[in-house]
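First chain A sits with chain B, and in the next complex the same chain sits with chain C.
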Partner chain A sequence: MRRLLPFVLIGAALLAWELVVRSGLWSPLLFPPLEKILSELILFFSKSESLMEAWVSLYRALGGFALAAVAGVAIGMLMGRSAPAAALLDPFFSGTYAIPKIALFPIFIFAFGIGSLSKLALVFLECLYPIVIITCQGARSVNRVLLWSAQNMGESRLRTFARVVLPATAPYIFAGFRVALPVALIVVIITEMISSADGLGYVVIYALASLKTDRMLAVVAVIALLGLALDRALVFLRDRLVYWEKLETYYV
Partner chain B sequence: MGIVRFVLLLLVLLAWQLLWIRGLPEYVLGPVEILRHFGAALGERDFYDHVGASLMRSMPGFALGTLLGIALGLAAGVARSFDQMLSPVVFLTYPVPKIVMLPLFMLWFGIGDVSKILIIALACFYPAFISAYYGAKATPAILVWSGLNMGAGKWRIFLRVVVPNALPQVFAGIRVSLALSFIVMFATEMINARSGLGHMIRVAENSLRFDLMYVSLASIAILGYASDQLLRLGRERVLAWQEQNA
Partner chain C sequence: MKISLAFLALVFSACAIAQDAPLIRFGRGFAAEEQVWLMSARPDLTPNQGKRYQLKQILFQANPERFQAYLAGELDAGTAPGLAVIFARAQGVDMKIVASVCLEAAGREWFSTTYMVKDDGPIRTVKDLKGGTIAVVGIKTATDLWARAGLLNAGLAPDKDTKVFPLGFPAMGDAVRTGKVGAGTFVEPFYSAEMAKGGLRKLFTAVEAVGYDHELLDIWFGEKFLKAQPGAVRAFLADYVAVTKYYLANTAQAKRDLHKAGFVRTPLEVYLKNADWKRDANARVDVASLEKLSTFMLDKLQWLEKPVNVDSMIDQSFLPRP
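Then we have the complex of A and B:
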């Protein structure tokens, strides 16, 4: 029953939508019928051009995320395990945390061009913060007894890091990833809506501007599904890699 | 420690200024230049209009989304019926980028401030709900039992045990929501608006007014930073008992 509940809810939402359409109180431009949205959705998946748009967005989101994951884990580990590094970097990260990085986008456009590079750079920057902060928290909270044991048994620093610190921090690292991955998608969609000639965000704005509401909703559905699928994939990966600690979230 | 940080900050700014004097691309201004332009903007009415327009969008959206999120999150954390009804929806839609709803909201509520305020509220709702939910759920059962044993009613337990226990988490959620409210405000204004800081930066970008670009950037940075510090101050007052423990 608990596993089925989300599907029941989606079904109820779709039913409510159809009722609103049938009631005829609003223009079909505002609430297009489900079958039109569905046919646009099928059209989306059957055309290679539209799949290319999805690929462009995915490439930007995952590319920026991957760069932020590598750099973020490295910086977070450094800050968590080394006091001088923390003293140097912590003021920077906590001082600029609350500043919306999206405001840098126009400058990034001048610096990196209007194509993928400026978007990748902004995704990288926005994803870096949660990954660094949560990784640092995790690296700081490694059980001291485990570290002493490893040292006592004559392990080298590198081995201690690889066999003790890294596994102990892994659940935190994935928690950071789980915060950052939706952020990556959000930033890509926003930047594509603001200024772009390709990608899903651009397609949504273009469909809205040409009043193709059904197409717009189909692409909105694709973006929503993409967000869900990315999160599921990350949780799947996490459960395989960090199998010793159960994920403490809701059943979704 | 504080002095070291201050000196470090000064060194960074100095290096930046020196680099700028040596010659940086046109779109990068030096700190002194930015300060000069910002000072000039402070004397103009236009600037305050833009800041006011931005705040009139981000503040109501933030308040609406966060308050609703906290209230429903606490309710779902303590009452099973709320939990079963709300949590699946929230957790299922959590990884969906909320900004995709903006075109839809623009269609339904017009391209004015209502659609922007609602999308900001929607974005702020999620972190507030989730942190309040987990905060309320994490209330130690023994505290609730003690309260019950001493004859406290349900409301009293909620207000005196569950809420204080959830407060640190709730504040963590509010902090995320606050940062989000500025991000979404700026994004919606860049996508479509006739006023506000996001609109200002777009106009500046299109007319190559780099000075105005940096004025907008500096204002949003100051707003984001100042509101975060304000929240921290409020947190320290409300959670004085918790700070002492830590």
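Then we have the complex of A and C:
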């Protein structure tokens, strides 16, 4: 029974959808039946071109995310463990976090072109902020007793960082990654919807322009599945790398 | 006292007529629909408005959203490119084109959507776009169709030989000048503004791409509304044709009125100088051109899964007799 629990809400949502469809209150062009969406979904997975579109979006999302992960962890660590770096960078990141970076996309197009680079750059920028801020928070909250112990044992700054700070911050780093990864996917899809000749965002806008809502929703389902798969993969990786801190909650 | 009572009775009866007149919820766009906008900017030109119908214009940025609003029961009518209505009909949307707004037409006196390249760039002919890019304003829009038609004419395969990208009109000029795209799509007022800046050269126009004059924008109504309120539709179209004739005879004044009413944000002096699309004084639809477009969409672009009966999607019986 417990294993079925995660599917209850999804099942309820699908049931509600089908009830809306069968009520006849709205046009089937707005609310296509599940069987039509499913048939489009099967069609999507049976075509190599469609899988290619998914791959294009995936590599853009993962490319931008990987760059943001490297830069974000480095900047976050620096801000978390160095007072001058925090004084320099904190106002910048706090002050610009709320800017909807997607508004800068036209500038990115001019700077990096219409192809993948502009999308990758925007994904990098959008993912950088949560990774930096959460990593910084983690680096700041390293138990000082652990740091004193390392110093008392005569560890160098580098070894203290590698053996104490980094492992203690790792759960925060992965928390940042988990926030940033769906953002990467969302940004890629939006940028592809705005200006692209390939990728899942392009397929969404193409289906929408043809009033093929069933096809559009099938692609939306693919994006959701992709997001779920990426998240599960990240959690799997986290559980292997941060094995000393399981994602377990004690429910009262 | 008697005069006051009579005046009040007159006001109340006028209000009652206005309230009885059916409301047309009309989805409009943001370009090339001057006559439609003028109906709201200058209601004094529409004698039937308020009496035989009421008009509420709602602005939409794109066609799919307009059709979705119609399907959701939020619109009764609107403007849309003929090809967008062909798409909608192909998906079974119950709407009909009832009048023409404007056409892409050849001739010095009319504006036709123009594809331009960098003046001193390497692209001299459409064939030179092989391996390059062409920017259109949206996927499966009229600008996309013309771009693909232009490429096909030059023996190029759209998407394979030349990438077709969506890009906003305001960004086209700089994107072409900086070489980010090989060619871009230009409509008024951007066309005049970019030509004034210089550095761009015409590659082909929409009419040259498809090879004939054709419908650009049309007025459509939902079939249910047409059946339920034929009188209101006739009254609306009578006013629309009258306004179109006024617009054609007094274009400068009409443009000033539209600018004053906030329908157009382009600086007035630029807007007044812009070339205009061809508009039929009687708002008659060029059915043959839509049939040709539909065939092109089906055969050459594979944009349609099956043929669309264009005749059945047009009903000009509500228009006043010329």
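Operating definition for what follows: the second predicted complex is superposed on the first by the 244 of 252 C-alpha atoms of A that agree within 3 Å, B and C clash if a C-alpha of one lies under 4 Å from a C-alpha of the other, contacts with A are read in each partner's own complex, and residues count from 1 in each chain.
Assume contacts are C-beta pairs under 8 Å (C-beta built on N, C-alpha and C of every residue); 3 or more make two chains touch, one makes a residue touch a chain.
These figures come from a predicted structure and were not determined experimentally.
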First (chain B), second (chain C), both or neither touched by A:133: neither
Comparing the two partners chain B and chain C, which touches a greater set of residues in chain A: B
Partner chain in contact with A:210 - chain B first, chain C second, else both or neither: second
Which of chain B and chain C A:197 touches, first, second, both or neither: second
Which superposed partner A:109 touches (first chain B, second chain C, both, neither): both
Chain B versus chain C as contact partner of A:73, first or second or both or neither: neither
Contacts of A:175 with chain B and chain C, given as first, second, both or neither: neither
Partner chain(s) touched by A:227 [first = chain B, second = chain C, both, neither]: first
First, second, both or neither for A:87, with chain B first and chain C second: first
Doubly contacted chain A residues - partners chain C and chain B: 29-30, 106, 109-110, 194, 205, 208
Residues of chain A touching chain C in the complex: 26-27, 29-30, 106, 109-110, 113-114, 194-197, 202, 205-206, 208-212
Parts of chain A lying in touch with chain B, wherever the complex brings them together: 5-6, 9, 29-30, 87-88, 91, 95, 97-107, 109-111, 181-182, 185-186, 189-190, 193-194, 204-205, 207-208, 213, 216-217, 220, 223-224, 227-228, 230-231, 249-250, 252
List of chain C residues in touch with chain A within their complex: 63-64, 67-68, 71-72, 87-88, 90-93, 133, 135, 138-141, 159, 163-168, 171, 174-175, 178, 180-181, 303
Chain A-touching residues of chain B, taken from the complex the two chains share: 1, 4-5, 8-9, 25-28, 84, 87-89, 91-104, 106-108, 175, 178-179, 182-183, 186-187, 190-191, 197-198, 201-202, 204-205, 213, 216-217, 220-221, 224-225, 227-228
